[in-house]
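Each of the next two complexes has chain A plus one other chain: chain B in the first, chain C in the second.
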Partner chain A sequence: MERFAYYDTGHEFPEEIVMAAGFIPYKILGDVHELTDPADRYVHNYICPFSRSALTEGMMHSDEWAGIAFCHGCDTTNNQYDIWKRHVKTDFLYWINTPANNNKTARSFHVRELKRFIDHLEKKFNVTISTDKLKEAIKTSNKLKSLMRQLASLRSSKDIPNPDYHAIVRKSVQMPKDQLIKELESTLKDWKKRPDFPKDRVSVLVTGSDITYLEWMEVLENAGLRIVRDDMSLGERYFAETIPESGDPIEALVDYNSRIPQPPTRLPFEARLDYLFKCLRETPVKGVVFQNLKFCEPHLLDLPYMTDQIKKAGYKLITIEREYTPVIDQQVVSRLETFREII
Partner chain B sequence: MINITRFIFKHPKMLVEGLQGYLKQPLTPRMFQIIMQYINRTKLMKLFPWVKTGSYTAGFPVEFGRAFGLFPYYPEAYAALTGAAECTLPSIEHAESLGLSKDLCSYMKTSIGACRMGWPEDFGGNEPTDLYFSANMVCDTHMKWLENDAKLFGKPHFGLDVPSYVAGEGEKRLEEYIDYVEGQLWDLIKFLEKHTGKKFNEKKFLKTIDRSAEISRLFMDVYDYRKRFPANRYFEWVRLYMLPLVCQWNERDALRFYRKHLKMAQKRYGDNKVVESGREKYRVAWEGITIWYKVDLYRKVLAEKGARIVAESYTESFAIRKKPAAPTVKETLRQIARELMIAPYTMNLDLRIKHFDKLIEDYDLDGIIMLANQSCRPQSTGLQDLRDALVEKWGIPVLILNTDHCDPRAYAEGPITTRIDGFVEMMEAYKKRIGRAA
Partner chain C sequence: MGFFISNIDLIEQSWSKGKLSMLSVGLDIGSITTKIAVMQDKKILGTDVAFTGYSPEKAWKDILEKMLSELKLKESSVDRIVSTGYGRNNVSIAQKKITEILCHAEGARHFLPKVRSVIDIGGQDSKFIRMDEGGGVADFVMNDKCSAGTGRFLEVMARALEVPLNEFGTMSDRAKNTVRISSMCTVFAESEVISLISKGESRENIIAGIHDSIASRMVSMMGRTGVMKPVVMTGGVAKNIGIRKALEKRLGIKLDVPETAQVNGAIGAAILAQNLNGSSS
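Here is the complex of A and B:
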């Protein structure tokens, strides 16, 4: 089976549609270890480094993918589509205009956008994306999400280092789903047997930009902070909700999209804060880490209000602006260690 | 008035600096009067409890609120004028002290910083309004800026989600997007009915659109005289001249103002918008927001070398209403939706290249300066491809200039002047190459 790549800044892409078309959905996550020189030829270095890494991956690896789809997300994603169109070699580059609003008008537009995507996939790849195939894909997705929820919930009671959690969330958006389900089932057995939550670790909730590479998880680990909840697209946002399995599958995908924890690019703003507080009520944590990737505007724009609300609610919080680098920055580790001491 | 008096008492030096900043601008007394008239009215309206006010981001279709009697506030315009007065730095720094990153939009930080310090509109601040309106066709910052303000002040917010009309898409897709935006514009009418307690007056709305289209037409008619040699006006003038068009707080005054300027141009140049003797040495287009705090860049650094900015998509983008109202509200809403998606400032890369192809021909350009704006990433994205396409097709010199539109800390005098020297040499060589007389 071929991989079908997608680029979204939240969790907007309907993986189930490409699964029903017979492809393996593959989320483009860039590679922090590779220089972004190919992308830097076209994108200024004061624009999101993750997006430049993703563009580099597109320029270097697009021949490994059947096609690529973008979803409307942050400004960077939206504006770079045109650059991908010029510099990434692919027979199929598609734009899904996921609405930023979350109301009746937006949902009806979203249904139309997804139907249009299906139509284009069917024509381009000569496949039929039937209702039954979509329902089958939704079931597979739900099974995966359920396993991910079980695994993620173990973080607060078992010894699950941050990099281990990161490894499975990364796999969840890049691996063939059937293979992944088997692996997650075996991981679940393993994690259940793990020792209890270590006493020398402090539990935190992490929010902010998506952490797309292992090394930053190690930064937190080195500082003695253990992520037990998160509010990230490469994380809980991906598996927090279940897709309805009855009724029209396209309507179900749109309904699902409207209920998932919202990224900062979506309206209304409260949805994001509500999820964050829900997490904090469900799982006791000692502190909140609000980390932002340099130049990640949507998160940077939310930062003052969000941090204010979190502090008002009585939580200890640290904000970190991080570079896109695999280097384990000891200055950041040191700041996080101090935070650990405080909490 | 109390606010400005208090401000002057606390910051006498800032007042002097602001006045000095304004004195550097090519302002006629009438234009200065218009600026002050708008700012004073924004203050006055707050004193009338029966007047409802609304804050808007640039490009949001203000006519809906106007049809419901809402007085429009433009935080971005106050920030721009504060930039022209060269007084943005304290408010930007204050905003950063509140947690807003150095990398975020300097318009937004000027406004937020000034508001939180309680500064008056003359220096970038603005008091809470009854309603907030923002759209995302230009940037996420617009949407989140006023959404955050609305939340902070506990006021209703309407967010208009405009799809991105990306490169390679055709009329069919555009029509689908128009359906979506039209749906939201009907939602906007309901939102206004709910929060103003008034019924939607179709006749008044269509009339407002007609006036708006007339203002845009008059603005562009005067603007078009810049095609002629020498251009009647340059960027440093047009960026202030566009204020009534941007803010539209009083359509009748705006119409009178632009009609008068068009008459002046017609009297002076007749219908000749194309060629006359006395060409500028270098005719340049500017891509991006103007550098508000550095009018000397246009009036001295460039002008002294004979380079003048004769066209810029930034000011043109505000003349967004291309057609008068259609016979029905529905058709008018669809017209507005289309205009929102294909204004020069929101164009995709393919359309942007075509737009510049036309500018190069229409304005007989010798060079283009593109602002790689450190706190406006949407505008900066795609500049390299735009440059490459234009250089490949026309061989025209393009300078990509790195700085910021409202944050003077990003402006490096020496390196920028050196780069402009090199750019002017390139334009000279280009003119010789294409056989254009100096």
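Here is the complex of A and C:
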């Protein structure tokens, strides 16, 4: 089975449609270990470094993918689509105009957008994306999300180091789903047998930009900060909600999209904050880490309001702006370790 | 650079009288200098400063050996060691590694028990620490990964102006006017300073402008958590009277600066070492 790549900033991409078309959905996550000079020729270095890494991955690996689709996300993502059109070799590059609003008109528009995507896929790849195939894909997705929820919930009671969690989250958006479900079932058995939450770790909720590479998870772990909840797209937001399995599958996908926890590219701020507080009520934590990737504008826009509200609610909070690099600056380490010491 | 008290007799007297005495060492391995403080109970027996250089490991070993030799102490007589600073993880013999924020807070509290805020400007970073009523760290902010507003920034400027760094304070006192240095980046600020030199601006006025730009940056950072009095200033840059005055002017309050400002982190580490439970953590 061929991989079908997608690039979105939240979870706007309907993986189930490409699964029903017979492809493996593959979320483009860049590679922090690769220099981004191919992309830097076309995108200034004051633009989100993750997006430049994703473009580099596209330029180097697009021949391995059946096609690529973008969803409406942050301004950088939206503008990247035009750059990809010129500089990434592919026979199928598609734009899904996922609505930012969440009302009746937006949902109706979204239904039309998804049908248009299905129509293009069917014509380009000579496949039929039937209702049954879509329903089957939705069931597979829900099974996966359920397993991920069970695994994620073990973080607050068992010894699950941050890199272990990161590894499964990354796989969840890149691996063939059937194979992944088997692996997650086995991981769940393993995690349930793990020792209890270690006494030398303090529990935190992590929010902000998606953490796409292991090294940053290791830094948090080594600083003694154990992530027991997260508010990231490459994380809980991916599996927080279930897709309705009855009724029209396209309507179900649109309904699902309207319920997933809100990424920073959407307004109002309050919806994000409500979700964060819900997580904090559900799982007690000692502190909140608000980490932003340098030049990640949607998160920087949210930051003043969100951090102010979190602090007002009495939570200990640290904000960190990080570079896109696997080599972690000692100053960041000191700040995280100090945070751990004072909480 | 250091000072020490020939206090071996005092320690031996304490031991011979059967009094339990705690001998602790604090090692602060900074980006530019390595600092040491040796304490017996709450008394500072000696402190020293040396350049860190390429090898943090060599730096702490050398300074420890020199300090112990000056104090006529053996390494085996040291009860506990705590390391701090960027090179803290290189100190293999330390029972505990503690971040510089906590050590500076503790050092400042030793100097002024009622301290509520600490400004620390070191070689590579600047920090502002706000403390709670109990003397614990309530919040802190650090500069971003940038040398502007740090000791390294001053070093670069001293080179551009061909003025020894230790003369910066007195020279800025003689300034007739404080020029405005608007660049945030050290490299750009250096070229701005070179432009000012070529325009014939006096070195005194430029130095006053440099101090003011550091103070301005620091005060902005302090605004993120709020300043509470009394404020203690620590770190090597605290030795510079020009920076102190610029900060006091912008803050509108007087800063308390200990004689031992540069080794404050090491003193804090030595104090925290005494509070460790058992011989190791």
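Just so it is clear, the second predicted complex is superposed on the first by the 343 of 343 C-alpha atoms of A that agree within 3 Å, B and C clash if a C-alpha of one lies under 4 Å from a C-alpha of the other, contacts with A are read in each partner's own complex, and residues count from 1 in each chain.
FYI, a residue touches a chain if its C-beta (ideal position, glycine included) is under 8 Å from a C-beta of that chain, and two chains touch if they have at least 3 such contacts.
Keep in mind that what you see is a predicted model, and the values were worked out from it rather than measured.
*Asks:* Looking at the combined model built on chain A, do chain B and chain C fit side by side or clash?
*Replies:* Aligned through their shared chain, the two binders fit side by side on chain A.
*Asks:* Residues of chain A touched by chain B versus by chain C: which partner has the larger set?
*Replies:* When the residues of chain A touched by each partner are counted, B comes out ahead.
*Asks:* After lining up the shared chain so the two structures overlap, which partner does A:L35 touch, if you call chain B first and chain C second: first, second, both or neither?
*Replies:* Touch status of A:L35: no partner.
*Asks:* Once the two structures are placed together by chain A, how many degrees is the angle at chain A between chain B and chain C, based on Cα centres and rounded to a multiple of 10?
*Replies:* 80
*Asks:* Using the touch definition from the top, say if A:T76 reaches chain B (first), chain C (second), both or neither.
*Replies:* Touch status of A:T76: first partner only.
*Asks:* Now for A:E321: first (chain B), second (chain C), both, or neither, which partner does it touch?
*Replies:* Once the two structures are laid over each other on A, A:E321 reaches both partners.
*Asks:* Just to be sure I read the superposition right, which of the two partners does A:Q331 touch: chain B = first, chain C = second, or both, or neither?
*Replies:* Second partner only.
*Asks:* Counting only touches as set out at the top, which of chain B and chain C does A:M1 meet: first, second, both, neither?
*Replies:* In the superposed model, A:M1 contacts neither chain B nor chain C.
*Asks:* For the superposed arrangement, tell me the lowest C-alpha distance between chain B and chain C in Å.
*Replies:* 6
*Asks:* From the superposed pair, tell me which chain A residues show up as contacts to chain B and also as contacts to chain C.
*Replies:* 321
*Asks:* With touch defined as at the start, can you tell me which chain C residues reach chain A in the complex?
*Replies:* Listed in rising order, the residues of chain C that touch chain A are 86, 98-102, 124-125, 136-140, 142, 144-145.
*Asks:* List the residues on chain A that touch chain C in their complex, please.
*Replies:* For this pair, the touching residues of chain A are 321, 323, 329-332, 334-335, 337-338, 341-342.
*Asks:* Of all residues in chain A, which touch chain B in the complex?
*Replies:* Interface residues on the chain A side: 41-44, 46-48, 72, 74-76, 78-83, 85-86, 95, 97, 99-101, 103, 105-106, 108-109, 112, 116, 264-265, 267-269, 292, 294-295, 297-298, 300-305, 307, 319, 321.
*Asks:* Within the complex, which stretch of chain B touches chain A?
*Replies:* By the definition above, chain B touches chain A via 98-101, 103-104, 136, 139-141, 143-145, 147-148, 151-152, 157, 159, 161, 163-164, 166-169, 176-177, 179-180, 183-184, 187, 348-350, 372, 374, 377-378, 380-385, 402.
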